[in-house]
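Structure first, then comments.
Chain nomenclature is as follows: A, B, C and D, assigned in order of appearance, with residue numbering initiated at 1 for each chain independently.
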Amino acid sequence: MKRLLSQRRIFSEARQFSTSRSLQEIRSILDLPDRIYPAYRRLLDSKLLLGVWPDPGPKNVLLVMKSNAANVRAAATEFAQYINENHPDINLIFEREPAESLEKEIAQPIYTLPSLPDFSPFPFTKETDGRTPVSSRTPSKAHGDIVAKQTGHPDIFAEDIGDPFHRKTDLILTLGGDGTILHAASLFSTAKAVPPMLSFSMGSLGFLGECHWKDHVKAFLTAIGKDNPNRKGYSGEFGVLRRGRLKVGVFDKTGQRVAGEDWPGNNLGDVHVMNEVNIHRGAKPHLAIVEVFVAGRKLTETVADGMIISTPTGSTAYSLSSGGAIVHPAVNSLLLTPICPRSLSFRPLVLPTDCIVTLRLSNRNRSSEVEVSVDGKKWGELKVNEEIRVWGEQLRNGRDGGWEGWEGGIPCVKINSEGESDGWVGGLNGLLKFNYPFGEEEL
Amino acid sequence: MKRLLSQRRIFSEARQFSTSRSLQEIRSILDLPDRIYPAYRRLLDSKLLLGVWPDPGPKNVLLVMKSNAANVRAAATEFAQYINENHPDINLIFEREPAESLEKEIAQPIYTLPSLPDFSPFPFTKETDGRTPVSSRTPSKAHGDIVAKQTGHPDIFAEDIGDPFHRKTDLILTLGGDGTILHAASLFSTAKAVPPMLSFSMGSLGFLGECHWKDHVKAFLTAIGKDNPNRKGYSGEFGVLRRGRLKVGVFDKTGQRVAGEDWPGNNLGDVHVMNEVNIHRGAKPHLAIVEVFVAGRKLTETVADGMIISTPTGSTAYSLSSGGAIVHPAVNSLLLTPICPRSLSFRPLVLPTDCIVTLRLSNRNRSSEVEVSVDGKKWGELKVNEEIRVWGEQLRNGRDGGWEGWEGGIPCVKINSEGESDGWVGGLNGLLKFNYPFGEEEL
Amino acid sequence: MKRLLSQRRIFSEARQFSTSRSLQEIRSILDLPDRIYPAYRRLLDSKLLLGVWPDPGPKNVLLVMKSNAANVRAAATEFAQYINENHPDINLIFEREPAESLEKEIAQPIYTLPSLPDFSPFPFTKETDGRTPVSSRTPSKAHGDIVAKQTGHPDIFAEDIGDPFHRKTDLILTLGGDGTILHAASLFSTAKAVPPMLSFSMGSLGFLGECHWKDHVKAFLTAIGKDNPNRKGYSGEFGVLRRGRLKVGVFDKTGQRVAGEDWPGNNLGDVHVMNEVNIHRGAKPHLAIVEVFVAGRKLTETVADGMIISTPTGSTAYSLSSGGAIVHPAVNSLLLTPICPRSLSFRPLVLPTDCIVTLRLSNRNRSSEVEVSVDGKKWGELKVNEEIRVWGEQLRNGRDGGWEGWEGGIPCVKINSEGESDGWVGGLNGLLKFNYPFGEEEL
Amino acid sequence: MKRLLSQRRIFSEARQFSTSRSLQEIRSILDLPDRIYPAYRRLLDSKLLLGVWPDPGPKNVLLVMKSNAANVRAAATEFAQYINENHPDINLIFEREPAESLEKEIAQPIYTLPSLPDFSPFPFTKETDGRTPVSSRTPSKAHGDIVAKQTGHPDIFAEDIGDPFHRKTDLILTLGGDGTILHAASLFSTAKAVPPMLSFSMGSLGFLGECHWKDHVKAFLTAIGKDNPNRKGYSGEFGVLRRGRLKVGVFDKTGQRVAGEDWPGNNLGDVHVMNEVNIHRGAKPHLAIVEVFVAGRKLTETVADGMIISTPTGSTAYSLSSGGAIVHPAVNSLLLTPICPRSLSFRPLVLPTDCIVTLRLSNRNRSSEVEVSVDGKKWGELKVNEEIRVWGEQLRNGRDGGWEGWEGGIPCVKINSEGESDGWVGGLNGLLKFNYPFGEEEL
C-alpha cells in the first residue's frame, strides 16, 4: 500500500514540479541528462588504463548497495550528505528498493528506475530478493511501446536506447563486498560500454580491489578526476583496471538463439558476465554429461557435477574452489574448469578468448536439464541438446585510440596504494592465504 | 684422429676450391649466403600467422636431428637425396656431429659450423652428449678476434653478427620428437628472430605439432611456399603458429648481470626458452627457499623442491607434471608452478608476460646453490642472493606490420590437417589422454 | 488394476494353497524359512575371508536387478530357469516391481515383499522410480501391529524381527552395475549382518568387482559352496572381500536422534552406507557452512558446495571426483573430502573409523538446510544446527572367532581370477585409466 | 688431536676407575646395565596405548639433540643438572659429537658409543654432518670380532646383540624439532623394539607432537611413570601413540638382498623408516621410470621425478608436498605418492601395510641409477633392475597381549593436553594452516 503510494508520487511529482533541490523525493532516472563517456588510453609500463572525463566530469552517479546491512545504509546516507554539501550538481541514482528505503534520510532528490503502476512488477522481470534482477530490465519492444505511451517518455524503451541505467549512468559506486560488485556488474550485463566503477568495502576487503570506506572522499575525488595535485584546473584523469568479461548466449539444437522469458537478456544478444558462467546438476542426482567444443571442434565430453567457464577475474571465485588455476586479470583468457568430473585427467584449461567455447548438454543425460548460473545467480535451465556459447568480449577503443568512446570490459577505478598498481598480489596473500607454509621452523 | 682430419679438411677445402656440387664434403656454414627473412601478417579468424617468403624462397635449411636413432639417420639421408634431385639450389646445414656422421651417405656437399683446430673445443663451450650445447656457441669478442684472424673470416664472430646459425639459417627442419624441437630451439636461444621451423616425427606425435614423416615432401613444399594450388607462380605463403618464448637472465645480488662462463649466453643478454626455466634442489637434501617477485613486488617465498616458470607451450611439459594448468599457446602468458612446495595453498599462477618475474635464492637456504635448467637441460647453479629474471619476449613486426622483418617467438610451420588450425585440441586428447572418464558405463 | 489383482492374489493364494512348485505365481517372502548364516574365518596371507555355509547351503536367494534394462531381464529369466532345473530347493526373491514384471516369464513361484491392499503404498514409504526405497521398509511398531493382524503373520513387523529382506535372505545376487550393487546394499542399510553378495555385470565392469555374466553358473556354484574340486562332498566354502560400511545418524541440536519420516531409517538406529554420505547445497545458490568435529573436537569449519564422508570402497566414486585419495578397501578408514571448498588448503583426510566424525550445519548458513545423500540417493535435508554423525561399523565375529555368526561389512563373494585376490589393482588400471602416461615416446 | 685424546680417555678411564659420579667424564655406553622394556596395553576408547615401566622405572636415557643450536645446548645442560640433582640413578647417553661438546658443562659422567682408536672412524660408517649416520652403526660380524677383542667387550658386536643404542637405551629424549625426532628414529632403524620417545621442542611445534621445553620436568616425570597423582607409590604408567614404521629392503634383479656397504643396514635385514622412503632422479636430467608392484602384481609403471612410499606419520611431510592425502597415524596403511609424474591420472594411493609394495627401476631408464632416501637422508643409489620392497612392520605384543615385551612402531610418549588425546587435530590447524578460508566475509 505504501509502495503503491510511493510509486504514484514519483511520477506525478517528478514530471510536473520537481524543481526544488531541497525536497526529499524520488525522481525518475529518465529525467536525468544522458550519460557522458570518459576516454581511455593505455599507460606505458602498466597494466592500467588512463581514463579522462570530459570537463566538467561525471554528473550521474549510480550507487549500488549491499542489501540488509545497517553499516551500508549509514554509509550511503553519509555519502549523500557529502554530495549534497560538496557536489550539488551531481545526481545520485539508486535501485528502487534502496531508493524507497533511504528516501526519508537523504536531503536531496534521488533518482531511480521508473515504476509503472499498471504494470507492476514488470512482466519481463523475475524479482529476486527485492533486487533488480540480472539482465531483466531491458524489455521487449512491444512492451516498451505501451510503457512509452503511458509514461509520456516516447523513447525510453525503444530498442535503440535500451536500459535506463545504461543510458544515464556516468559512474558506478558500490558499497558492500565482492557480491555487491557482481550485482552492479549484472545491471550492465547487456551493456557494451560499462561506466567506470568505484567500489567501497565496509568490512574486510575482497578480491575485486575495493577501497576502505574511510578513504571514500579522496577516492571519489580521484574517480571524478579532481584529485590530481600536479595539475591546475580540472584534469579529469583517473586510473582503471579494465576487467574483461565473457559473452554468453544460449542456443537451441537448431543453432537458433533461444528467445522468450526463460533466459532474461538472451533475446537481446549475449549476456556479459564478470566472474563466470557455470552449469551444474543442482539438486538432480545424476551427473551432467556435457560436450565441450572449442572453435567448433569437439574437445571432450565431460561427466561431472558441472562445468565452469570463468574470466581471469573469476579465477579466484568458483573456479578456484573447483581446482582451477589463478590467472592475473591482465591475461586475456578464459578458464575451463570442471566441477567434480568423473575423470582423473581433466586438468583445468586456460584458453584464448577469441574462439567460441561451447557447452552442449548431451542427449545422453539422464536428467532433462541442468542449471545455468551467471556470476553466482541462477539464469535458466539448459535442456538436452541446447548449448551455451561463450567467448571474450573485445576490448577496444571505439575510434582508433582516440578520445571519444571505448567499449569492452569493466573499468574498475584504482586508487593508488603504495607501490602496487593493480592490487592483485596483495589480494593473493591477504585473501587467499596463498602459499602459507606448513610445518615447523626447521627447513 | 679422424675428427681432426675431417676438421682440417673443412677449412682447407672450403675456402679454396669447394665449387663442385657433386663432391661429398663438409663445408663451412660461413660460405653460405646470408639468411633471408619471411614477412608475417596476422590471419583473420585464426590463431595462425601468414608467412610469406621473398621470391624465390629459402635456400639454407638447417636440419636438426635426434641423435643415435637409426630411423632418423635414414630419413635425413632420404631427405638429402630428395633435395639433391629436386631442389639443387637448396643448401643443407647440420650440426657438426651429424654432419660428420652422415657425410659419406649424402651426395651433395653439406654445411656445418666452422671447427677451429687450435681452439677445439671452444673454450666457452660445455659439450654435452656431443651436441652443440645450449646458448654456448656465441663467443666473447676477445676470442672472436683471435678466431677471425686465424680463419680468415674477419667478421664471423664480431658482436654485430653473432652466431653462424642465426646468420645463415632460412628454415629449420627437425627430425625426431619434442626433445629434438627443444634442442633446435636452443640453437636459437640468443636469437631474436628465429627462422620458421618445420618438424617431423618418426614415431608417435608429440605436443609440438610434428608432421608425420610420410608427409614430408608435401609439408616441405608448403614450408617453402610452393604448395599453394590456388595461385599461379610462386606464392611463398605458409602458415605458422608463433610460440612465444621466455627471456631469462641471471643477476647477482648487486643487480648486475652475471658474466663469465658459468651461465653460457647470459653475458650476451637474455637467453630465450621455449618450454620453461626451472630451479631445483637437484641432489641436495634440503628444500630450496625461493623468493618470488612480480614486477618488483614480493609475491611470496616458497620452500619447495623447486619452481618452474613456463610458457604456454611448456604448460604440457614439466609444469603439468607439477600440477600446473594447461594453457593454450595463443594465450600470451607465463605460468608459475611450484615443484613439491611445503604449502597446501600454492595454487599455480598464470601471469602476464609484460612484467618481470624474479626468483631469488633466499639467504635462508641451507644449501649454497640450486640448479637452474632451461628446456630440460642444466644451465647453471644459482647461488644464494642471486636471482633469475624472467619475462616474455615481445612479439612484433619489425616495421609497423609491413613485410620486412619481424621478431619474437618461434614460428612453427603448420601443415593443414582437417578442420583444425592449430592441432592443440588433438594433442590434448591424443597425447594427454585428457579427461578419460572412469568407471563403468552406468552414469 | 492389474496391480491390485496381482496383489490380492499373492495373499489369497500364498497363504492357502501355494504348494505346487509348477505354478507361475508370486508368493510372500514371509512364507520362506528363516535365513541361515555362514561363518567366516580370516585367511592367512590374504585380504579375503573364508566363508562357510552350513550344510546343505543357502536356500533363499534375493535377486536384485537394474531396472529398465532388457539384457538384465533376459539374464534374470535365464537364471530362474537354471535354478528351476538344477537347484529346485532354492527360492528366488525379487523386489516387487521386477517380481510382477517377470512373473509370466518364470516357471517356478517367486517371492517378494508382502503387498498390503488396504495400506498400499506403505505410509512410511517414499517410493522413487518404482524401486524399494532406501531404508524405508522397516515400519513403525504401531503400523506393524495393524499389518500383522491383517496378514495373519503376527510377528512379521515386530521390532525384534524387522525387515523381511533381512530376515529371509541367505544370499544376494545382483544383475547390473555398480549402481545395482549400491541399491542392493541399500536394502540392507539397517541390517547389521548382510548376507553374502555375488554381483554380475552385463556390460563393462565396475569398481565393485562384478563377474562377467557369462561365468554365472560357475560363480553361483562357488558362492553356494559347491565349487571346491579339492574336496569331496559339500564344502560350503567361498571367499569374500568384506567391505566395511559407515554408520550414519542424524541428530538435532539437543543431541537427540531425529525421529519421524523425514529421515527413513534414522529412528531405528544408524543407517549403513557402502560408498559415502554427503551433504551438498543442491540447488541453493549459497555455499554450505559446515562444522567438522573429530571425536568431539572441532577440526575445522568448511565453506563449500558440500562435504563427503566415504568408505574406502567409495574412494573411487564421488570422493575421487572431488579430489580424494584412492584407498584400498582393506584399509580400515574413512575419507573426509570437501566438495569445491572455499579454501586452498583443505587437503582430503583419511581418518580412523573408530572415532565419530560429525558434520554440523552451522547457524551461519544463509540457506536453512542442505541436502544429505547416501550412496548417491537423497536421504533428507539437514537443518541449521542439526548434524550427522558418522563412524565405521565394527567388523567382528559374533562369537569370538568361532563359526556361528559374524557382523559388519558387506561380504562380497570373490570368484578367483588369475593371480589377484581382490581385483582392486585391475580396477584401477581398467576403470580409472590410472596413471596413463602423457607425451610422446621420448622419455 | 683433541679428538684422539678424548677418545683415548674414554676407554682408559672408563674401564678402569670411572666410579666417582662427580667426575666430568665420558664413559662407554657398554658399561651401562642392559635395557629394560615397558609393557603396553590398548586403552579403551582411545587411539593411545598405556605403557607400564617395571618398578623402579627407566635408568638409561638417550638424549638426542639438534646440532648447532645454542638453545638446544643450553637445554641439554639444564636437563643434565636437573637429572644430577633429582634422579642420581638415571644415566644420560649422548651421541659422540654432543657428548664431547657438552662434556665440560655437565657435572656427572655421561655415556656414549665406544670410540675405537685403531678403527676410527668405523669403516662401515659414512659420517655426514658429524652425526651418527642412518643405519650405519651396526657392523659386520668380522669387524665386530676384531673390535670385541680390542675393547675387551667380547659380545658387544655379536650379531645377537647388535647396536649398543638398541641394547642399552630405556627411554629416548629428543631436543629439537621434527628433524631431530627423525634422526633419533634413524638410530633405531634396524631395531624392532624402539624405546619410548619423549620429544621436546625449543621453538615452534612440529607435526610429531613435541612438548614445549618449558614443561619438561612434568613431561619427564610422566614419561618415567612418576606423574600419576591418582596412585600411591610408583605407577610406572605413561601414554603412547604408537607410530607404525615401514620396513624397506633393497634387492637385486635375482631377488637377492643387496649386501655390502652401499646400503647401510640392508645386509642386516630391513631398515625401518618413520616418515617415508623415496626414490628421486636427483640431479639427473632424465625422469625415472619405475615399475610399481603391489603384492607381486604389477600396478603401474611411472615416469616421474620420483616416487614416495610414506607412513601416515609421513603423510604431512614430503608426500603432502607431492599432493598426497593426509592420513591419521592411527590408520594402519602406507601411502604411494608420485613426485611430478608424467601423467594426469596418477592419484595418490593409500594401501594396506600387509602386502609388499615393490618399486623396481625399469631397464627402460635413461639414467643408470636413481637416489633412494629414507626419512629425508640419502641412503643409496638404486640401479636398473634393482628394486626396493616396502611393507608395514607388524605391531604386536610380544606375548599375547601380556606385559612382557612388545614390538613394532615408535612409542611416542604423549603428555596430556586439554581434551585431545593425540594432538593430531591441533597439528593440522596450527601447522598446516589446514582449510584456511579465502575471500571476504560475504559468503
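Convention: a contact is a pair of C-beta atoms (placed from the backbone, for glycine too) under 8 Å apart; a residue touches a chain by one contact, two chains touch by 3 or more.
Chain labels with UniProt names: A, B, C, D = ATP-NAD kinase.
From a predicted model like this one, the values you see are computed outputs, not experimental measurements.
Engineer: For the interface formed by A-B, which of the candidate pairs C-D, B-D or B-C is equivalent, sharing more than half of the contact pairs by residue number?
Structural biologist: C-D
Engineer: Select the chain at the greatest separation from chain B, using centres from the mean of Cα atoms.
Structural biologist: C
Engineer: Taking each chain's centre as its mean C-alpha position, how far apart are chain A and chain D in Å?
Structural biologist: Computed value for the inter-centroid distance: 59 Å.
Engineer: Just curious, how far off is chain D from chain C if you go by their C-alpha centres, in Å?
Structural biologist: The answer is 44 Å.
Engineer: Rounded to the nearest whole Å, what is the centre-to-centre distance of chain A and chain C, using the mean of the C-alpha atoms as each centre?
Structural biologist: The answer is 49 Å.
Engineer: Among all residues of chain A, which ones touch two or more of the remaining chains?
Structural biologist: Residues 320, 341-347, 432-434, 436, 438-439 of chain A each touch two or more of the other chains.
Engineer: Among line, ring, star, complete and other, which one matches the pattern of chain touches?
Structural biologist: Contact map by chain: complete.
Engineer: Which part of chain A faces chain D closely enough to touch in the complex?
Structural biologist: 66, 176-179, 201, 203-207, 316-317, 320, 343-347, 431-433, 436, 438-442
Engineer: Help me check something: in the complex, which residues belonging to chain B touch chain D?
Structural biologist: 282-283, 285, 304-305, 318, 320-323, 339-342, 344-345, 371, 373, 376-378, 432-434, 436
Engineer: Under the stated contact criterion, what part of chain A meets chain B in this complex?
Structural biologist: Going by the criterion above, the answer is residues 47, 286-287, 289, 294-295, 297-303, 312, 315, 320, 324-328, 330-333, 335, 338, 341-352, 354-355, 364, 366, 419-421, 425, 428-429, 432-439, 443.
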